[in-house]
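Paired with chain B in one complex and with chain C in the other, chain A is shared by the two complexes that follow.
Take a look at the complex of A and B:
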């Protein structure tokens, strides 16, 4: 995980899952380009909120534009290294009641995410949000 | 007797010389007359049955009285020979057959060449002598004769094969200047033989003429696209890589390198040949994962809705391709990369461009050309795909 923290911590999400019932996942998420904690009542929240964060940061760039019935928010300019407010290591002290894991989002192609899940020292690559979700649920249920 | 020797050339141009007088294909005034005369001269050592001549002359045609037509044609040939050379006994008429009078000695360049083709060659002198025998393609005046086309292809392929052996021998012996000369001479006859171009570029490379070698590679690439619709072979591309590496002097310092790299003032998109495009694509694939950028690749094709497969269509496609190249070079960004993929396709790399923007950009750049094709059989197709990340 250190190599990702060194090179692309701004694209990492520290996910603390506090509750899981009837496939509803609740918890907190941390990212060092945001000062505030991101709370979510369902996992969809994470995807929507972080898509906005990545759009603001300008990376990772999405291969497709988001569609909207209203005027969409303009995309932030690409930034090689978006401004960060914390050291990512500080988040590692935060722990979820059900599970704690880290996501490294490497790209946003085909209107989904691709990257790595880091859980209990293991690194697992995923090619879509659905795949990532399957892994997350399996970690919670195990 | 030397006075009775008729010298015939069938390579490059059909000529018949007897004494001081010479006639060529234009003087024959008839394609069929030329084919008859050429066939008789080529087979001057035997008697040719009329049926064989009829088959050769009217292979795919219905003729009411072929023997009569042949008789008439032979008569016309005899009249021509009498008028031009003042000889009336060159053609001998037999029972259902014709032949060349054996009192005349006939020297035919194609037959001499064919004899040499059978011989094994090992030395430069032997190859040099052989290469001088083939001065051009066989009976270029004749277009539709199956027999002529077969022979033309055969002679050409043997010549190319021997020239390549000759060039390889010269390369082994380090005679690079001669190798260049030999291959250039062969290319005057065969402008579309890629292997000859590769030998020429190699000879320039060995003579350390890297700029000329690179320039020749670019010209060859363009010629292959325009004439055959193919991109250079892997071995040609590998050779070009070698040339590019060698183009720099040893121990160049960083300032010199920077000056050299900055020498070109970029304007518009970057146009390159396919090998370079592939390398740039691979480099982008690697960078994308690290930098979090997206990129898209576009394939632009000129499509013919009702192909006629004739030269006019090919020329029109080439014209459209030239307009497209010009539009894309000026309309795309400096960081965009463009390469000609085939006779009717371009491939474009658009870094830091999402799908919607890629689509918008290509439509904008090609809009005028599309509009100009509205009432024609041609159209432009644009396919957009994401560049896959590596690593």
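Take a look at the complex of A and C:
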């Protein structure tokens, strides 16, 4: 994980899952481009909130603008290194009641996310949020 | 987290393809009388969110 923290910590999410029932995942998320804790009542909340954060940060830049029923938002300007407020290592002390994992979002191609899940020392690549979600649920249920 | 109250919103989702480990298809927003295509599950979720936020008087982008 150190290599990701050194090079792209601003694209990492420290995910603390505190509750899981009937596929509803609740918890807290941490990212060092935001000073506040990001609480979520379901996993789709994380996707929406962090997609906005990545748009604002300009990293990782989306390859396509997302469609909208109302007001489509233009792609944000690319930033090589968005401003950060914390050392990512500080988040590692936060632990979820059900599971704790880290996500490295390397790219946002094909209107979805690609990256790495880091869980219990393992690194697992994913090509879409659906694939990532399947892994997360399998970790919680194991 | 802010809780929003909404009128009922109904969507019809048509999954046409499952390429790139995700879904592609179309989503119809019944109350808004609109239909959009989506290229991923994430884009579908964001389309639903855009419809719900349009109903929220405190959330205007």
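Just so it is clear, the second predicted complex is superposed on the first by the 138 of 142 C-alpha atoms of A that agree within 3 Å, B and C clash if a C-alpha of one lies under 4 Å from a C-alpha of the other, contacts with A are read in each partner's own complex, and residues count from 1 in each chain.
The definition used in the following text is that contacts are C-beta pairs under 8 Å (C-beta built on N, C-alpha and C of every residue); 3 or more make two chains touch, one makes a residue touch a chain.
Here the structure is a predicted model, which means the values were calculated and not measured.
Look at A:80: by the touch rule set out above, it reaches chain B but stays clear of chain C.
Legend: residue contacts after superposition of the two complexes on their common chain; A:8 is shown touching chain B, with no touch to chain C. By the touch criterion defined above, A:32 reaches neither chain B nor chain C. By the touch criterion stated above, A:100 is placed in contact with neither chain B nor chain C. In the superposition on chain A, A:110 makes contact with both chain B and chain C. Measured by the number of chain A residues touched, the leading partner among chain B and chain C is C. In the superposition on chain A, A:61 contacts chain B only, with no contact to chain C. 64, 110 are the residues of chain A that lie in the contact sets of both chain B and chain C, per the superposition on chain A. Of all the residues in chain B, the ones that touch chain A in their complex are 288-294, 296, 352, 354-357, 386, 389. Against chain A, in their complex, chain C makes its touches with residues 1, 20-23, 29, 32, 34, 36-43, 45-47, 49-51, 53-54, 61.
Those residues of chain A that touch chain C in the complex are listed here as 39-41, 44-45, 47-48, 51, 64, 66-71, 73, 110-113, 126-131.
Only residues 7-8, 11, 59-65, 78, 80, 106-110, 114 of chain A touch chain B when the two sit together in their complex.
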